[in-house]
Amino acid sequence: MDITLFFLIPIITAILCLIPNNIRWLAPIQIAGTSFLFLVVIRLLNNILQYKVIKAFNNLIYIDAFSGLLILLISTVGLLVSLYSAGYMTKSPEGKTVSTWKLKRYYFLLNIFILTMLTVVTANNIGLVWVGIEITTLVSAFLVGYYNKQTSIEAAWKYIILCTVGIAFAMIGIILCYYGAIHSGGIESLSLNWDYLLSIGNKFDPSIMKLAFVFILIGYGTKAGLAPMHSWLPDAHSEAPTPVSALLSGVLLKCGIYSIIRFSILANESLGAAFTNQMLLFFGILSIGLSVPFIITQHQIKRLLAYSSLEHIGIIVTGFGIGNPISIFGALFHMLNHAMVKTLMFFSAGNLALKFQTKDMSKIKCAVNIMPFTGTVLLIGGLALAGSPPFSVFLSEFYIIKAGIFEKHWVISTLFLLFLVIIFGALMHHIMGVTLGNNLNNTTEEKANIQKGEVSKSGIVASLIPLLIICLLGVWMPQSLFKLLNASVEIITGKGIL
Amino acid sequence: MTNLLIKELTPSLLSYSTVILLLMSILIAGSNRLQSIVKFYAFQSLCLVVITLIVGFSTSNSETIRIATITFIGKCLIIPLALNFVINKTQVHKEVDPIISPPTTVLIVCILIALVYGLTSTPNFAKIAYSLGLFDTAISIILIGLLIMISRRKALTQIVGLYVMENGIFALTVDTVFGMPFVVEMGISLDLFIGVLIMGIWVLRIKQSFDSIDVSKLSKLKG
Amino acid sequence: MMGNLLLFKFSLFLFITGAFFSLILGFYSKKFSTYVSGIFAAVSASLSLVSSINILLYQNNFTIKLPINIPLLTANIGMDPFSAFFIFLISLIAIPVSIYSIGYMNSEPSDTPVHILGFLYNLFLLSMILVVSAKDALLFLIFWESMTLISYGLIVSNTSSDESRSAGFIYLLMTHIGSAFLLFLFLIMANYSGSFAFESFHDIYKTIPDSLNLLLFVFALIGFGTKAGLVPLHIWLPEAHPAAPSHVSALMSGVMIKTAIYGILRITFDFLNPASYWWGIGLLLIAVTTALVGIIYASQENDIKRLLAYSSIENIGIIFIPISAAIIFYSLKLYELAGISVVISLFHTLNHSIFKGLLFMGAGSVISVTHTRNLIKLGGLIKKMPQTSLFFLIGVLAVCAFPPLNGFASEWLIFQNLLSLFKTSSSTIKIVAIISASLLGLTGAICAATFLKAFSGIFLAFPRTHQAEYAHEASLSMTFGLFTSAALCLLIGVLPLFVILPICTAVSTLMKSSSVTPEMFSDGNTLHISNIIPGYYSPVLLTILLIVFSLFALILPKLIGSKTTTRKDETWSCGITPRAEFEYTPSGYAQPLEVIFSGLHVPADFYYKWIYLPIYNALHRFSHKLKPIQSGVVQIYLTYIFVALVACILWVSL
Amino acid sequence: MNEELKIIIIIFCHLAILLLLSPLVNSIIKKTKALLQGRKGIPLAQGYYDLIKYFHKETVISNQTSWIFLITPVILFSSILLAGLFVPLFSEFGSIKILGGIIVFVYLLGLGRFFMSLAAMEPGSGFCGMASSREMMLSVLIEPVMLLSLIVLSLLADSTQIFTIISSIARHNLTLPSTGYVLAIIALFIISIAEIGRIPFDNQETHYELTMIHEGMLLEYSGKLLGLMIWSGWLKQLIIISLISNLIFPWGITNTFTLSSILIGFIFYILKVFIFSIFIALIETIIAKVRLFRVKDILVASFVISVLALILIIQESGKGSLL
């Protein structure tokens, strides 16, 4: 029942969003839908903690704690995005009026997007996971190109092409895996089901699994935004409407990682963890490292955040690559933290971009005086994003590097820390340049254009929630969340952290 | 009798189809007329359908035959038609001034094929490659598809390149595992058909706002 | 003793309450918010002061479990006498500063966000107390960074200007780099101990290889040295401290940088084991350089708060001198002397906190009345602000280490400490120590010149601008804050042993192998370090004699001469009516020093230009070189995927 | 007679000698200089006349000044007089061991100088300010070298008390004058000249505003205040002369409390001071004052000499270390 509701809600919301002719009704419908979804998810998570694994629809759906975490992310960010969209999407960046039809389409696609992501993380069949990921690309491409400007079309095109190509490679990986399953005596009709594959996992031919894992990593890695397959990421994130950027960065990338890690669990059965860890570590550190120069030289606030996503994806993957339960705990926790803080950052950045009518950071100044709330939140969020205690992002990064040192990955740990420090400096430099500085009231010219005040009330609520969450998680991890994370760690490594 | 015929004919038919499959990819790589590229693609897909059918009959797997049917409808009819529609709509017929000229592309393709065939004989791959006749061909086609995407400027050619890659993957599926389970295969096919429609829409949008479908003009976002 | 624990808990609670009250009340009445913030902070600081004194005297250590639930973290804070000493120090300074803050914040311009400042101010005090009482490395790091962030918040919310922004940025970045080193340090230690609890770090050196021991020490030095302001890691300090509101500057300079001293002592003597005296010699050289560089820059500074900040760098250098001596003694297994040295450094830490707090508050009073920090724009305030000037003068005398104030007491001990290094066997130590002593003297002399310039620039002669001319005495709470600190300067200066007693307790718990007793420092009421070169200093006797001789000097002319009159007239200036323009300005005053130190004194941005800028530039150049990677051409992006794939496959198959 | 009474008597004598002898010593230097330059010079009692004159005069002070200007002469006088207690004159009995050693001595002088310079800034006169600034510059150069040379001497004697240093030198000096000791004394001598503001560092006789340092700071003082200031200057001069002469010739300082030994010590002391004063006068006559910023070079040289002394002492005393 829950599971049915769980898929039905986004569909119903999507359809409902197409009906009204008045813009005013759209946002409440959407918010109600996503809130409802969120409640269902909470119930579902309770069940997961209780029963460990939930299967449904003739074994098509397989939900364990790891999926549960991703579901939590999707629904939470989905709710926040809906809240934010209510205030944000009714204003267009050029100050033109927004057509009802476009907005309806936006909400429709948003729901479908959420639905596809939910499918990705809950499907048992790895082939269906693939299909789901491919559809997320196709759907979200429309969201990326929502504004229909030249740049957004360019971004959407690159997004489609690169991700489709990448995912095609993932398909090869899946085929190889299937082949391996059949050749090691698996039943054909079950050999794409994750739970079945896992049960025969140790019988696989290692050389096939190696190859399969490489294809999967490159393929889903493209979707997850791992360097050097990340090139679509900054374009899509910066050109999409802000709520969509938040969704892309906060959840979609994690879905890619989810798929990789799911597969690596399988591959580890026959290969042992060393091989996959090595690959993950390499791409993880490469992603962090490659984000550094672009963060340093960035001029555009949303691209900055996009590159920061690249960095954080790298951090998460490095965490998985270290392979210690603690680092995996950290990586999972970081997924959550990054989703929250990046959502927050995109929201604030979107508000600023709307207020100043530009994404160019050199033209945005002294945000704390113009928009006291947004500016402050952006600054605090920037600190959190850069990994400063007492916010939870620090903790997850801490777990990762702790495990890195524990496992004696000296070079990796040193590089990790070095990159993080440089990024801290660069990021804070940009963020402070935007938020602080000479009071604009002194320069009369700009004062005329920009009125003091926030963009929307719903935006305030939408960015206050994640801010509170990262503050809270920095000092207090709820027992249920801990259980969820720990159960996920058990799924991945076979043992929990405590 | 028919069974025997099939048994006799299968290997040679398979190998002919394989060669045609590869040849079509090379032709696509070497051609610069969009319409003929689409035609070559359709023909390549047909070969795939034939192979699938052969495999299906020889293993008497009804699912595989169903898959072949869907593939025929999709790849030989819907996708080429959709692409032709886009070509007519955008009125772009020729790949002008590609990044890598057709002859050079063909040369690179040949080298690629040689490399792949060489690589698949290394010990690590031999295990996989040995049991499959099409493995190296499929991998070559995938890489050729990618090469086409890299070497061409028109959005449309890129789509074709993508689908050539997809054909390679399909070949791999058919060859290695005699097709995926039906649900998955359905999903994938559906994905492709939706994909071509959506990409078609995007090509039209590109045409609309850039007045060209030259992808290399889409390079404002950098850094 | 339960009461004490409760007291401490209550004080922590009050800090939080004060913070939120002042934040919320600020939306209704700013004035009210200031009062709440200041009074709450003062009260809670007094509570923690009492609690820490209790621990120092009776050593009832306790631990509290904080309501923090993070995996792998034992959220314990607690006080042993060593932590208690630092809490004592923080609270002792916090009380006058908090009272001062009421008057100061009320005199700020109306658009200052006083409620946010009040909120952060309370949290800042809280975070400092938590830093020194944390019993877990991860917890320590979290509080450590929170302390930085909160003080950063105080800097940037004070004024919105490009200067405060860049000051805040440099501050944040530098301390973050420092924290990264600390993180690394703690992680390595935790690897060997298996836990992050400080208890498990005790004597960790036994399990660590020697080379790593040194590495960890260097990491600690960089990590904490950044916060403390050791040269060349000091560049943030003269930017950040002046940018904060003055009472916060007082805390930052007076107290916050001392938490780094806490850290370095904890790590060096509680966890690690100074294995070779070369550690100490290295640190001694850094310390002396820091002291000299700090004061030379201070002498050329015309911004009063920057001057004070540079002087803080100098004093950090001076504090590190006995620490290096302690390391040398410790490595030579002279544990008692090592303990004595640490006591001396803590004593100077305390003294510096008091007089630097006083000076920053005094400067703040001047700034709040005249709205300028520039010495050149001040002058003549002694007539307008008689009380402030008197207390400021006491602070100046203390910072210049003139007897009988507290600055001299600790500096005298430091001299003795350096001389005692002469008793070791190594010639290198001897030479370095004695020359350091002489350079310490040089530092003292420059310090005197510097503060003479500062004091005369602010308070003496003609007012040089209107701002200075129409100044008035600061409000009562401000002068009260100054008075308290000034009284402490005098009191500790005359009766240093009262303070040395608790410090000895603190050090004895820090260094297990050396039990230090106050008897080692005294011979009755006289300061006298046993075991080393016999030297005595009796502040009480000196004070009495000074007073007696002064009375004598007052009476003497009257005894010899006749009763005469006193008349006031214009200053003689070659027959013209004197004007403010004729005066020697502060920059003119410091010019001879600039000339004689032209070799040593490099432009203020030297460190930035030659150490940090090249790194920055290299990073930038490198980044720009890498920019074409993201060329915008989709085909190239496809090639990346292609290359990555092929490379991976090759790697797997070969 | 009990010990404390003896000490108190000696201390009173000590202070009385300092107070009474200091004007005379200054006059001796002046007189000697005049004679050497072929002038008649002032009478030897001129110092006393001057003081009495100042103490009878009306005080005129600048209207820019405050309480600092008024208390400065008092603090200066008392701190220098107190510093005088640190230096033995003719008897070891005057030693108040617990009062402090070389460091307190140097910082007490510094305290006086600080106040003098501070007060000089008060009237807002350009000349006073300049003198004050230069005085502080000189002090920056003098203090470290003075400390270093005194520390080197104290290391020799293993004590920071000046009394102990001199008595232990007296015991060793006759047997073996070490090179380190001699070098340290030379450095200290150079510094002492600078400390009492004599040629080649400062010219006490000059009244040309642009060159005077010590005199410049007294420019706005008059009457009783000026008298105290000038007396303090003379006191300091005598204290430094006593210190350096006793360090070089640590003879005749008594350690017994008998009339005869005190008398002998006193005569020795007077002799030493006179000889030294004449020597200073001689130097002042021979050498010209150096340019202000060249002073640095001389003082750096004496710093180097001190360091050399230190190294030699370390080499000589390989033994006697703690380990």
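Per-chain numbering from 1; labels A, B, C and D assigned in written order.
Just so we're on the same page, a contact is a pair of C-beta atoms (placed from the backbone, for glycine too) under 8 Å apart; a residue touches a chain by one contact, two chains touch by 3 or more.
What you are looking at is a predicted structure, and each value in this text was computed from that prediction instead of being measured.
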**Message:** So using the touch definition from the top, which pair is joined by more C-beta contacts, B-C or C-D?
**Reply:** C-D
**Asked** What is the chain whose Cα centroid lies farthest from the Cα centroid of subunit C?
**Response** B
**Item:** Length of the line joining the C-alpha centres of subunit B and subunit C, rounded to whole Å
**Value:** 71
**Message:** Nearest whole angstrom, what separates the Cα centre of subunit C from the Cα centre of subunit D?
**Reply:** 36
**Complete:** Whole-Å distance, C-alpha centre of subunit B to that of subunit D, is 102
**Complete:** Taking each chain's mean CA coordinate, subunit A and subunit C are separated, in whole Å, by 43
**Message:** Give the residues of subunit B touching no fewer than two other chains, as numbers and ranges.
**Reply:** 124-125, 146, 149, 158, 215, 218-221, 223
**Prompt:** So which bits of subunit C are touching at least two other chains?
**Reply:** 627, 630, 634, 638, 641, 649, 652-653
**Asked** Hey, which chains are touching each other here?
**Response** A-B, A-C, B-C, C-D
**Complete:** Touching subunit A in the complex, subunit C uses residues 67-72, 138, 141-146, 149, 156, 160-162, 164-165, 168-169, 172-173, 176-177, 180, 183-184, 187-188, 190-191, 619-620, 622-627, 629-630, 634, 637-638, 640-641, 643-645, 648-649, 652-653
**Asked** Taking the complex as given, what residues does subunit C use to touch subunit D?
**Response** 332, 334, 380, 382-383, 386, 393, 397, 400-403, 408, 412, 415-416, 419, 422-425, 427, 430-431, 434-435, 437-439, 441-442, 444-446, 448-449, 452-453, 455-456, 460-462, 523-524, 526, 528, 533-538, 541-542, 545-546, 549-550, 552-554, 556-558, 560-562, 564-573, 578, 580, 582-584, 588-593, 595-596
**Message:** Touching residues of subunit A toward subunit B in the complex: what are they?
**Reply:** 125, 127-128, 130-131, 134-135, 138, 141-142, 145, 148-151, 153-158, 160-161, 164-165, 168, 171-172, 175-176, 178-179, 182-183, 188-189, 191-192, 205, 207-208, 210-211, 234-235, 238-239, 294, 297-299, 303
**Request:** State the interface residues of subunit B toward subunit A in the complex, per the touch definition above.
**Result:** 124-125, 127-128, 131, 142, 146, 149, 155, 158, 162, 165-166, 169, 172-173, 176-177, 180-181, 183-184, 187-188, 190-191, 194-195, 198-199, 202, 205-206, 209-210, 215, 218-221, 223
**Message:** Under the stated contact criterion, what part of subunit C meets subunit B in this complex?
**Reply:** 627, 630-635, 638-639, 641-642, 649-650, 652-654
